[in-house]
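Below, each structure is written out as structure tokens.
The two complexes that follow have subunit A in common; it is paired with subunit B in the first and with subunit C in the second.
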Partner chain A sequence: MELAVSDNDKSILLEKKNVLNPSVLDKYRLAGQITQTCLAYLTELINDSYHLGKHEPYSIAELCLLGDSHMKVALDSAYKNQVREKGIAQPVTIDVNDVVVGYSPEVDDETNFKFKAGDIVTINLGCHIDGYTSNLSHTLVIYPPGVSVGPLLGSSADAICASYIASETVIALLALSLTPEKIPQSLADGSGLIRGSTIRQIVDSIAESFNCVVVPTSKVRRIRRFLAGQAEGIVAERDFKGVVWSEADQELKLLKKSPKYNGSQELAKYDKTRSARVTASSAVPTDDFVVSPGEVYTVDIKMAPLQETEGPGLITLQAVDNVTGSNNSNDAFKPRPSVFVRDVAISHQLKLKTSRKLLSTVDNKLSVYPFKLAHLTSGFPFDLSGDIDQQLRSIQQDIKPARLGLVELVNRHLVVAKPILRARFVPLQVILNASTSTGVNGYDAENPVLPGLELPLPRLGVTSLKLKSLLKASKEIPVAREQSTVVLNGDNNELIRLSGGLSTSKPSWVHSKFQLSGNVAQSVNDLVQLTQDQRFGLKIKECQPMKSSN
Partner chain B sequence: MSTSRPQYTCNSCSLAFSRPEDQRSHMKTDWHRYNLKRRVSQLPPITEELFNEKVGNITITSEGNDIREGLSGVNAKQMTKKEQRRLEKEALLEKKKQLLETAKRRMISSNDQVPVHDDIKAERAEVESLPNDGKGKPMLFDNTQDQANDVYDEDWKTEQLIDQKIKNKVEIPSDTCMFCGYVSLDLDGNIDHMFKSHGLYIPEMSYLVDKAGLISYLSEKIGLGNMCLSCNFQGRNIESVRQHMRAKGHCKIPYETLDEKMEISEFYNFESSYFRNTEAGATDTDEEWEDLSDDGAGEGSEDEVSTDDLYTNGYELYLPSGHVAGHRSLMRYYKQNLKPDRELTEGQGTLIAAETRHFVQPFDRKELQAKKRVWARQEKLKDINDRRSAKFINHQAHYRDQLLQ
Partner chain C sequence: MPSRNSINKPKDNILRRQKRQSLGKKRAGSRKSSRDDAPKSTAVALYTGPSRSGVTTTTLSNKKSKKIERNKKYAKARNLDTDQLLVDAQAKQEQMEIDEATEQAQESVRSALWAVVEDAASGGFAYDVSGEGTTLGGPLTV
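Let's turn to the complex of A and B:
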């Protein structure tokens, strides 16, 4: 590798800068506040236009740009001349129904659309100040216009319930790690520690009781300064700590359900570190970790309901773009990738002047977080009180030259397009009938995943490329997602919830026909009681959105 | 028989003897040996008188050698021609060294403010005197001779030579071509003629202040010194040197090395080229030039113009405009087109620090070469093995009839 950082710098950047001191906490808190404010702003826009009919509804592209602008304006006024790097850590993406992540169309994208009643809409955004990042996702329901029509019913409602309850439960679990003496009887395993496996187990049980599946790429992970999961699959970061759900977990569960499996048999062992192409095994995610105070976590739970599916099957993800499969599929949803992230380890002498200019802008003006081309135009951020249509049009013009340069950057792997992923249900029958003639060594380089997870179905020996080809026989499935960032402040044993929470991410009015049952119901009830008990329970503080200035 | 034809002869010397004793005694003489040697080298024999004369001559020269050798006591006969030549050469070298030393001593003793070109001229005169001295008395150089006496001797000889030169001097006027004697209208016409017909190019024309002086100096060099302008050829007279210069194309003023530049520097004034240094007096400048010639610094010409806003650190010259001129010896480094070092921001640094991906290793030429050598050796061994085993393909220990199988 050409670039290298000295050991001294390495320990400063990876360890010392991540120690939670008051100034770091302030930065986290402010980042959290900005994300909360932005979510509140977007929710208000959607409610006003779609539910209350106060103005003409905005399309997704417009909402995304407005959200970005709102965040950017707030960031510009924060920590002026005090920090070198601050900005949008996750451009606003609005994922509707089966879209899981990454849909943030530019204004001129052909797929750009407006919501329909009954859609479940996930708003996903994030910002960072000096690398201290706060990410946030929340799923809303679009109701028919008018007031008080009733709750959302059906499979989407199950997913929303499951994701909300799971994320709140995980946050309570993380808070418990600060005060291990308060671990309730239903959760105690005698060690007094909150482990990755504890988190996985409780999330899986919640999903099961709501007849849902935890969608691959869901994760509860520790984040660090500048390492907030924005480059997952690109940077194989050392000392990865977190629970990551993948297709392999669903596969394991399905195999265990098989009538031929008698419980004592040992399933084929699979060593994740073997397939991972990394220099340190700590980059491969495992559940074998302990949550400890002083860390910052992102809880990102995505749930997909199995209500409308038949028979056993897997929930997997399909990357969509404007090129792939354009010849033999009549799928109309062909969005152009619009969110890109710089791969800083790669350097290349570029040919086009526009691409060199774009690269230097990305390297100097933006940080290491994902960006959209619109962020680089002169008209950004918007004057939110001015003529928005006019500004949108000018941005559309400004994007064109940058897009030319971007092609070379992408071709040279200097920047990587963040994939737009859709959730797909593939029946197990289809998978079992397929054979992977190429063996299990192939992997999909186009859609990078975390190291060690290159092979989606290791026990069945199905590669990601094979699985991709099986998606023709798949069925789309809605996904609900809740993401929030929490700081485990060990100094006064409190959990600071940077994003999400009741102040902004109040769950929509839904009604699921399922409810928690059995052991998990007891655990979740205990946890809820602890969070609500002001005196003896868990101390959880939420970042409130800023008072609106206009 | 014995009377008519003597029985005892010497074929080498074409002699006959009546008695065998005579013959034997003859055979023992040097004369006979000499003739024998001559016979071997297919030369006719010589008579006894001639031989004796020759022997007499050699004895005289060998005696002379003995005298010259003095106390050394080395056998004169042992000295070969080669050794003689070497000795002569050494003596000549010694003499040259002495001459140079005396010249140096004289320079030190004389006033420091002697103009440079005078010095050069004097030195040249001494150098000119060298070959003549060598001709005058080729080997008679005595180490024991008194130094002062020697200096005096040298001076006297130089005087003599200069006198002779002055006697032979041909005055070339400024409007006459120094190479062919063509008479032009004036000095400029003459310069024009010399440029067009002989290709005499006068360097740095714009800084030349004493044109007539330069031409008269060059003319004197040819007319008085009979010296070629561009090589160290010295003609016997003005015609020979003119012919040499025309034939060899030496009608040019050499202007490459510092010495060559210094030779004609008194006719030039470069002050106008040091844009800010004009306030320095003329005498100062002269002294600076003097210093420069003493130092003999080749490229350090920036040092002289050391004002506040124009300075150098030896490799870079800082101009008042703010530009920095690099030294040409470092040109290869300035010329290279390197990518500037990438300055990582904290975010990029963090990502690089946390990175554990495998990257393609840079291509290592040495490693590949070593590998190639191993492969080549393996191939060769395989080939040898194949050839060896091919010999035994049809080898059967015992004959087996195919039909009987």
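Let's turn to the complex of A and C:
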């Protein structure tokens, strides 16, 4: 379904409101500051409880709620009565080890747990003011309690190194697009432009030197007002601009390693737009775009290490919920989906009174961004200085009636559950031995992806449904993730880093036995030098977290 | 509702209703046409291909121009429908056909990937771990 919007409104909403004037920049900056502050708060909570033993460790559900409350309190005091919409753009999700996105249990979820030493933990959150969004993810390491004795070693450390270095490098590349005259020799292709293909190439080479794979759903994409990728797969966004990694790229990479490949285009060719189920071809992501000043990007890089895997294979994602596979799998991790997003294109007359009430609350109080049921309860946000345990219990009571209504909303597709995804390694021979009986048109309607990426292995003709059935033979694999939002301010040629950076997202102490080598080492070195050079280098500014009030 | 020819016909009501309806239709029609932004054909010189003299004296009557417009509307609807239908039918057929070329391509991809599996089994990929490695971050400071 396409929404009919008049040309006049379209130009206001998509163009005029996205021009980076001072007031828009202020909104972006404040959103960035709030995310930075929330990350600092959560990191402190985790450090205090798990590492320094100052108080009893919080469970994941509690940390998520505390983070959300912290963001909400900060947002409530910002731009009072000046903007129509502001709020949480991404509820705090805390993804441990092989969980990639979306794990944010409610307080009564049975899977809720506490961290162990050696876990790698990704905190992911975001907020928006008037639709100007700042998202953020950062991976931390949980060390044994007490003074840390040494860095984390092993495959998880490889992934953390790769994701951190790749995301910093991409941010420096984006900054280069503002001052093309500073593009170093090692990166110059003669055009003086930063293209999507440049970004993909450098991230892929960094991944390769750390023996990692860029996990599907990683992306470096342009965001606009209210279009920050919160409903990818549900709403097809025209003029999509960004590099998106998918299983198809891993397939191509494996194919290029084959002795039978010999550089022929015949094997590798594939037209994404053919399988896309959208009318506007601009919704299909491609790499041939140019990064230009005045745009805002999120850099979201997820890396999975190949150290503990055997032979070639594919890193793919498995959606987990409390229902699927409950009869035949011994998997204990069955979280209930807890983050939802409203599909505004759908309307339906609901039967239950509670669901009607819930829908009207969702439509009136929330925006187009994802939400959790806890956000709709009367006890939210918490009084962070009060008795937290008691407030948690009262929220648990409040959620129950809302959950009853939610079932009908989900069944009628008025709201869509955001999937909880885990990374899985499927050996290549398992995939090659499988036959594709569904044909290339069988796609997974439950887990929507960006248009054009419906077929995970297009050249081999393996559909997402087939791949899902092969996950039985797969192996879990940890994932590290770094995400930040950056504004390319063309007026004074500076990159404003809304989230991430050294002030809040310092990498944890890790050591990988791999290092950058060859051409990519030279390019990354040049970029690092440019970012450190105060006078002639790249101008990168970081949003700092706010001073704590309590 | 009694018919027009029944004995006890509420004559006035029927007539009034009919008149109201026809007037309403007229009004709606005129409103619609005034809102239409598309350029209309008017009683100006008819274009009959590149003329040699450069001047023509043929004009369109109002009635004729209305008729042309009406027919254009019908023609447009007709053309649009058939075009769309053709496209749909073709797409359907394309989806249903089992493309032999695609199958062959998939087979060759499959065999190329099998080669990768066999390569790996004989110790294919080795990574360079000769250097000192990479260290990020440092111990936790409070």
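Simple rule for what comes next: the second predicted complex is superposed on the first by the 544 of 550 C-alpha atoms of A that agree within 3 Å, B and C clash if a C-alpha of one lies under 4 Å from a C-alpha of the other, contacts with A are read in each partner's own complex, and residues count from 1 in each chain.
One rule holds in what follows: a contact is a pair of C-beta atoms (placed from the backbone, for glycine too) under 8 Å apart; a residue touches a chain by one contact, two chains touch by 3 or more.
All values derive from a computational prediction rather than experimental measurement.
After superposition on subunit A, the partners subunit B and subunit C are accommodated together without colliding.
In the superposition on chain A, A:Tyr261 contacts subunit C only, with no contact to subunit B. With both structures placed on the common chain, the touch criterion links A:Pro312 to subunit C but leaves subunit B unconnected. Rounded in steps of 10, the angle subunit B-subunit A-subunit C defined by Cα centres in the superposition reads 40°. Looking at the shared chain after the overlay, A:Ala117 reaches neither subunit B nor subunit C. When the shared chain is aligned, subunit B comes close enough to touch A:Ala236, but subunit C does not. By the touch criterion defined above, A:Val73 lies against neither subunit B nor subunit C after alignment on the C-alpha atoms of chain A. Touch criterion not met for A:Ala473: it reaches neither subunit B nor subunit C.
Of the two partner chains placed by the overlay, neither subunit B nor subunit C lies in contact with A:Met546.
When the two structures are aligned on the shared chain, A:Ala280 is found in touch with subunit B, with no touch to subunit C. In the superposition on chain A, contact of A:Asp9 is made with subunit B only, not with subunit C.
Closest contact between subunit B and subunit C, by C-alpha atoms in the overlaid model: 10 Å. For subunit B in complex with subunit A, the touching residues are 339, 342, 344-359. Residues 95, 102, 105-106, 108-117, 119-121, 124-125, 127-129, 131-140, 142 of subunit C touch subunit A in their complex.
Residues of subunit A that touch subunit B in their complex: 1, 3-5, 9-10, 13-14, 17, 84-85, 130-131, 224-227, 231, 235-239, 277-280, 282-283, 344-345, 347, 349, 363, 367-369, 451.
Here subunit A touches subunit C in the complex through residues 47, 51-52, 143, 147-148, 151, 160-161, 164-165, 210-211, 251, 254-255, 257-261, 266-267, 311-312, 428-429, 432, 440-441, 459-461, 506-517, going by the rule given at the top.
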